[in-house]
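Below, subunit A partners subunit B and then partners subunit C, in two separate complexes.
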Partner chain A sequence: MQMTETIFVVFFILIIIVLGFVAFSKFQESAIKEQQREYRSSRVIEMAHRLSSWPELECSVAGASQYVCLDKIKLGILGDFINESKQKSSYGFNYYFELLRDSKITITEIYPSHTKTIGKDYWVLYENLGSGQTTEVIWIPVNLYDPVTQKRSLAIMELLIYE
Partner chain B sequence: MRTRTTKGQVEMIGLIMIVIIVIVGLLIFTVYRLTNQGDDSQNRYLNKEVATNLLISIVNTDVDECHNLSLSTVLTDCARTFSVLICEEDRLSCDVANETIFNILNRTLVDWDIGFNLTVEKTNISFVNLRCREKVQGFQILPLNPGQYEMTLDICTKKLE
Partner chain C sequence: MLLKRKKQENKVIKNKKGFAIQFSWLFVLIGGAVILAFFFALIKDVGHESEVESYSDLTKELDNLLSISSASRDTQKTVLFEEKINFVYDGTSRYYVEGSNIHREYNYNVIFSPFELKGRELIIKTLVFEAPFKVTPVLYLSNRDIEFVFSGSSSALNAVYTFMPDNLTTTYTDDIESYPDDDFFHTVFVVNESSLLTILEEFRKPEGRVYAVVVSSGSGTVVEYGKLSFYHYNPSSGLFVYDGESPFLGSETLLGGVISHDKNLYDSNLKKLMQRLELLSGLHLERVKHYYEHVPFAVCKQNYDGQPESARNYLEDIRTYSGEEVSLDNFMILYAAITDLRILNNYLITTECPFIY
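Up next, the complex of A and B:
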């Protein structure tokens, strides 16, 4: 009879140890996931900051650059350059891939024009879809400056990040 | 003798079950707390950025209906006690500013299904579409000769259920 009791006690102690291991591994798993999330979050924030004041696109009046403002003419040129580099697999695309990885960046003018016509009030700046699903969509409000008409319009830079 | 031992074993099993349930409960609670913490601060930070950037972009946008003046100029005229600016089709600066901000908000925050509350001090301009538990605020201070006025934008980070 005492033997049976001992077996029971040992059995339950084993169960508790196994549960402890499960709990520990769960903690580890959630810690790893948290680290991944933190890494993704910092990447998202970093990209959002970088894009809103991209030196290649910044608009300047009398040599002074302006906050959250992109030059409309530079937009079209940079978009075409990245697209051509991607097709030719040249250094240009590799450079932007290092910065932007698997993501898609579009700019849509919101006011005054809002027709979503490519080249007029809609630009696809960078597109590398990768193999994963979209994990983050970030909107960055910016001004678009047209150096020809010297007018400022309002646009949204949409950043889609793929995992 | 046999009945007493069996009863003792049953009690032991019950006790262990209770301990297990408590451990599992604590585990679920801790994992849940850890999972939600990071997302929340990221969401708050990004929404605050959106609010601030949107206000900066709004005030720097040129208004077609008011001689291509920036919205900050139109708003400043609207905030004055005696408005002097007459926009196209003899419209008042307040009407044009109100309509422009309405169009911009409709094409951004309303379109993205984000709750908000935008107010411009010293004017009647106010747009409220706010049903939320938590919000973040962005603001922009604009000059008014003499003094200044504030434009604030609250953005929902957590909606009401």
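Up next, the complex of A and C:
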């Protein structure tokens, strides 16, 4: 009788310990997910700011760059280049994949033109779809400059990070 | 009879009780040992995890430092960092905090550093490599525990000295042979002639910490290209042993060679720089072709794609020779194309034509 009692007591203690462990793991999981979300958000924002200072995109005059300004001609050329090098899996694509991973970056002109015509006022700069669902999206207003017509316009850069 | 039976029954009950008590104690002992073992394993796990987390935090801190430094042009910062950092190139560029299993790859970032950095702080300088358009930020990592000793005189040597990060330990000497040993983590002699590299009389345990870089300009007083020869000191022979030579292009790579004082690491970063230059020159070339097709003025078109010399020719040279094997001859041609493109772009600034960069 006493032995049975002891067995039951130890059994219940073990169950309590296991339940405690499960609760702790759940709490840790939600804390880790929150950390991951914060990390993704900061990565997107950092990526967006760095993009506008890339030499292959920024507006520059004899080496002096302009803040948050993208060159329209460079946009088209870089987008085509990344797409071509993706087909060939060459150094070019690998370089940008290292920076941008699974994400999609589009630039849409909103003023004065807003026809969403590819190559004219809409550019898909980079697209590498991840296997997961879209997790973070951020929109940043940017200036666009056309060095041939010397005209400026306003656009929105959209960054989607996949996971 | 009844009493005897009762006595026998009591004896059996007593034996069963005794047996049950003993068994119960054994059971509690085993159960307790299992629970204790569980908690010990948990504590050990948590201890190991916290160590891994600590190294992970250090690596993250270093990643953030390097990332922030890459984004700021022409800056320098000094930060406290007391852990030893190792840089490796074995086909892949990696760095890691000593003792950590977490290795970070940096196959596309240009970071000139010695193969090991140990000290109280980290000095990070950022420059932008231009050829002549902006190519990529270049980071230089060092600290005050590495001593740079300059000896000799040349324009290239003066150029390196000028670009050295502030607060680094830099000195000048006329006599390397009797130069005192102040027990720095590394001592790097930077000279313009290999004949200046003599036996070191005053160094007491120079194994693995004394190096030399010989800087030779490409031609005449031009400091924009040339070659770097790397040496390490062998105390048993008392000589500086030749490790090989590599060319440099621009003061950014010249400085990089001195800061690295390691041919393997320098070559890996030089290769990344050239790959990036090849990529960007290709993009600029496409842009110039676009200008040629869409800019209406004939005088502008002549500069973009005319004969005998135009932006297209210069950019094609830059793309071709940055994609070929790294050599002094190729860098000489690159330097010429870069200079010509710079002159052409400066001319276009004075006109109505869109600039090349």
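To be clear about the criterion, the second predicted complex is superposed on the first by the 141 of 163 C-alpha atoms of A that agree within 3 Å, B and C clash if a C-alpha of one lies under 4 Å from a C-alpha of the other, contacts with A are read in each partner's own complex, and residues count from 1 in each chain.
The definition used in the following text is that a residue touches a chain if its C-beta (ideal position, glycine included) is under 8 Å from a C-beta of that chain, and two chains touch if they have at least 3 such contacts.
Note that the structure is a prediction, hence the values are computed from the model and not measured.
When the two complexes are overlaid on their common chain A, residue A:Glu38 makes contact with subunit B while staying clear of subunit C.
When the shared chain is aligned, subunit B comes close enough to touch A:Tyr67, but subunit C does not. Contact with neither subunit B nor subunit C is seen for A:Val124 once the two complexes are overlaid on the shared chain.
In the superposition on chain A, A:Leu160 contacts neither subunit B nor subunit C. A simple residue count on subunit A separates subunit B from subunit C, and the partner touching more is B. In the superposition on chain A, A:Ser53 makes contact with subunit C only, while subunit B stays out of contact range. Listing the residues of subunit B that touch subunit A in their complex gives 1-2, 5, 8-9, 12-13, 16, 19-20, 23, 27, 30-31, 34-35, 37-39, 42, 45-46, 49-50, 53-54, 56-58, 60-62, 64, 68, 70, 100, 103-104, 107-108, 112. Subunit A contributes residues 2-3, 6-7, 10, 13-14, 17, 46, 49-50, 53, 55-56, 60-63, 65, 73-74, 77-78, 81, 91-92, 95, 98-99, 147-148, 150 to its touches with subunit C in the complex. Subunit C contributes residues 20-21, 23-24, 27-28, 31, 35, 38, 67, 71, 107-108, 130, 132-136, 275-276, 279-280, 282-283, 286-287, 290-291, 294-295, 345-346, 349, 354-355, 357 to its touches with subunit A in the complex. By the touch rule above, subunit A contacts subunit B in their complex via residues 1, 5, 8-9, 12, 15-16, 19, 23, 26-27, 30-31, 33-34, 37-38, 41, 44-45, 48, 52, 66-69, 110-112, 114, 138-143, 151-156.
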